[in-house]
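In the part that follows, the structures are each spelled out as structure tokens.
Shared chain: subunit A. Partners: subunit B in the first complex, subunit C in the second.
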Partner chain A sequence: MSRSFDTLRHYLDVTGVNIKMAFMTIIEYPANIAGWMISNPLQFIMGFAIIKFVVETFGEINGWDYGQLAFLYGLSVISHALSMIFFVQGWFMGWYVIEGDFDRYLTRPLGVLYQFFFTNINIFGITDLIPGIIVFIYGCVRSGVRASFLFVIQVLIMLIGATLIRGGIYILIGSTSFHTRSAVDFGQYTQEIMDKTTMYPISMYPESMQFILTYLIPIGWVSFYPVSSLLGIDNGISSGMITAFITLAVGILMMSLAGAYFNSGLKKYESAGN
Partner chain B sequence: MKKYLFIIKTQIIKSLTYEFNVYGNIIMQTIIMITSAYFWRALYSGRSTVEGVDADNMLTYVIISSALSVLLITNVERRIGRSVEKGTVACDMMKPVSLFWMFFAEDIGSIVALIFQNMLPILLIGSVMIKLPVMADIKDLPLFIVSVIESFLINWLIAALFGMTAFTAVNINALIQVKKHLIRLLSGSIIPIWFFPESVAKVLSSLPFVYIYQLPLSIYIGRGTRAEHMVQMQIQFIWLVILSALFFLVHNIVTRKVMVQGG
Partner chain C sequence: MIDVNSLCKDYTIKHKGAGLSGALKGLVIKNTDVIHAVKDLSFHIDEGEIVGFIGPNGAGKSTTIKMMSGILTPTSGSVLINGEDIAKHRKEVVKNIGVVFGQRSQLNWDLRLGETFELLKHIYRIDADAYDKTMSVMDDILGIKELLDKPVRQMSLGQRVKGDLVASMLHSPKVLFLDEPTIGLDVSAKYSLRKFIKEINRVRKTTVILTTHDLGDIQELCERLIIINHGVMMEDGNLKEITDRVAPYKTLVVEYYDEIAPHHEKCEIISHEGNVARYRFAKSDITAADIIASLSSEKAIKDVSIEEAGIDDIIKIAYGK
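The block that comes next holds the complex of A and B.
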């Protein structure tokens, strides 16, 4: 017991140092900081404006009005931001495999997956987080949500779940590089698919696609199901308090699957070079 | 010229090496294309035409936009960024070829490979699974082709201009993202700007981005009259000239003061 406690403390120590290092590396290139401060908020402000234009032109989307869409969009951006902070490295896993960068991690007495994500923690994800929170608060006000204690708890739990689902998907896609030995950056494509499926209610899509997004690739749980329960919109699958916890469970399941797949891939890893 | 043809050839061979990338890209792009098609179908349910475009036209728009996005992949900005960051730009500049013509040839090479690996499969999948993307008026085909070539050049010049900031900023990953989002959201590649409020649309149509995706696509689906298209193509051409001038100007400034990091 005390041993596992020690291990945990050790990991926390290392995480602290890593975060400090991450802060130091980002100030190396000032132009880069400015770039991220512009690029990420820009992306979400424009994305949000586009939703407004679409609603103005086409009216409600499948019964969701603008305030509810803002709520959905805000939460979706927040979980996106969190997954960018902790799991964005999954997008670049292929390069690590090809260039043999896992050697470094394999020689150290810490979990490889832990090192992979936390030695490269992406502080810039905060620039995604802030526009997400602003839009979310706007959505709360527009759709008249009362922020009770229970509501906040539900939001926090679903955000953890949603972040884990996203991270799990990134790891699953990234880990295919161990088998294919190629570096493909699917990041942009994943992002595009996620945008279409988490920023709009998936009930607008045909049933076959909803089935896939609910049970096979559980993107529906990233935002649609928890948000529709929070807003009291009927989604046909789950409603009430329990939905946030189902989201968390789906997230943990995705993460464990992804971890197992990563570890099985790592056995096939044979470094790079001559 | 022969040197550059050789670079193109090498790049094609390079692109053919990784088979998995090809299938992965096709699968991902197919998912995106089909999701977009359902997206527009859902928006159009119960409406016939919005802003002079019907659902059928929008589906064609989606398919051709996906196919066009393959042509508009550039690597030049990342290529410059990486060679400045790692200091290999010094070696690149010593080669007996012009730096930017080399990058241009490399991008042409990848695109030639991608036309067969990606664009044709996507068009085929789109025709089978969504609908046959027939051109509204086949007489506009020459106009369409010219506008696609110009949009390719505009897109490449914007990428190269962003890439050249690497010579002073060194690390440009973030700037590459800025450029990506600008093009993604303001060019009409996902949502055409004719659905935007008029004042916003007016501002956007004076920027170069809409002439990358939206102009060739509206010619293809036949939105607007030929006279309107001709006017827009003139603006497209003016942007091409402005960006080329800017490119040569900045090119002369930055290549004179190259900083090699860790060299």
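The block that comes next holds the complex of A and C.
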């Protein structure tokens, strides 16, 4: 017990240094900051403007009114931003496999997956976080949600779960490169699919697709199920407090699966010739 | 210290025909070839040895060193470092090793050198005293302290290699793996690197395992050579032993005043052009002095020189086997 506590403390210590170095790297290239500060939030504000247009034209989407959609959209962007901060490297895993960039991590006494994500922590993800929080708060106000202590706890738990689900999916897709030995950049496609399935209620899709998004590729748990439970909207699967915990459990399950798949791939890792 | 037991590594290569038709066929029929990059390699390395891995490109040196440092998982066989299997207990075992790849830096490109050291200090949990001590040793050998505040992207290759060497030694590993460390370095950088290897080996008893194509590295550093080709061990021993075994001959070059060269019963004349004759003899059989004495009693000699098989000859012979 004290040993695993010690290990945890060690990883937190290294994480602190990595975050410090990530900030120092950003400061080295100040010109990049302005670019990201403008383009990233703009992308999501535009996305939200489209929803506003759709709702104003049709009144609602599948029974969800404007405030509820803002709530859903906001939380989805927040978990997207968190996954960008911690797990965006997963998009580039194929390149690491081909270029032999895992060599360095394998010769250090820490978990390879941990080093892969945390030595490349993406502080710029914060630029996605801000529009997410703004839209979410707007959604809370519009749909008259009362921010009780329990409510905040549920939101935090479901955000952790949602971020883990997203990260797990990135790792699962990225780890296929160990077997195919090719680096296809799935990032953009993954992002497209994630956007279309987490920023709108999936109840608007055909039932077969809902089934896939609930049980096979559990993207439904990233936002639709926990958010509908928080807002008291019937989603036919789960309701109440328990949904946030199911989201967390799905996230942990996805991460464990992804970790196991990654590690099995790592055994097939071939490095790169000199 | 290090035990390598019947180490094997196979790669599966997809076989594709030429052109579009070949590519399309490849989609349907999977033709795979298994390539044995390393075949049944076994050897033992003691603490404090400096071992040179040599062999032509694609011989399996890098694959071997990558299995020994935990990067690649062996297809079969094992690598034990201090009695522990590195493939099974990677995180524990790698605490005792340092790794430098000549063509791949572990330094953070964007920041000053000191930041990479700071990160490593936390990763390996190096306490301040041990860190300061190592740094002062490294400063004596490589003059590293003046580079600490320099951003890595502004460094020359030589400075970066120095940075990488120090980075790999911060946690005082017992074994240091160097994969082609001198590649691309100028003469003075090569000199510092060799001095560094000799010093850490002498002062810290660090076991050093390096791959190289540089004959100077081999001559100056390696007490022991392991020659690999086609994934198989060709030779294992010190330079002199290997030389005696694969090239037990020397050549005596004698210049006379005219074109007639006398024979010697224990020599073979391998060439005779103009006034110069080349006599090949077995080192174990006779000495050059005896041959010169006997030849000069028959004819007047203008000049002599002795050619020994150099490392490059030995490598050529050993690779060619």
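Here, the second predicted complex is superposed on the first by the 273 of 274 C-alpha atoms of A that agree within 3 Å, B and C clash if a C-alpha of one lies under 4 Å from a C-alpha of the other, contacts with A are read in each partner's own complex, and residues count from 1 in each chain.
In the analysis below, contacts are C-beta pairs under 8 Å (C-beta built on N, C-alpha and C of every residue); 3 or more make two chains touch, one makes a residue touch a chain.
Owing to the predicted nature of the structure, the values given are computational and were not obtained by experimental measurement.
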Touched partner set for A:Ile193, first subunit B, second subunit C, both or neither: first
Partner chain(s) touched by A:Met209 [first = subunit B, second = subunit C, both, neither]: first
Contacts of A:Leu106 with subunit B and subunit C, given as first, second, both or neither: second
Touched partner set for A:Val14, first subunit B, second subunit C, both or neither: second
First, second, both or neither for A:Asp234, with subunit B first and subunit C second: neither
Which superposed partner A:Val54 touches (first subunit B, second subunit C, both, neither): first
Partner chain in contact with A:Met46 - subunit B first, subunit C second, else both or neither: first
Which superposed partner A:Asp65 touches (first subunit B, second subunit C, both, neither): neither
Subunit B versus subunit C as contact partner of A:Asn32, first or second or both or neither: first
Subunit A residues touched - subunit C or subunit B, whichever exceeds: B
Common interface residues of subunit A - those touching subunit B in one complex and subunit C in the other: 28-29
Subunit A contact footprint on subunit B (complex, rising order): 18, 20-21, 24-25, 28-29, 31-32, 35-36, 38-39, 42-44, 47, 50-51, 165, 168-175, 177-178, 180-182, 185-186, 190-191, 195-197, 200
Footprint of subunit C on subunit A - complex, ascending: 10, 13-14, 16-18, 21, 24-25, 28-29, 100, 102-104, 106-111, 266-271, 273-274
Subunit C residues touching subunit A - in the complex, by the definition given at the top: 11, 58, 62, 66, 69-73, 90-92, 94-95, 97, 99, 101-104, 106, 108, 110-111, 115, 118-119, 122-125, 151, 179-180
Touch list for subunit A against partner subunit B, complex: 28-29, 31-36, 38-40, 42-43, 46-47, 49-50, 53-54, 56-58, 61-62, 124, 176, 180, 182, 184, 186, 188-190, 192-193, 196-197, 200, 204-206, 209
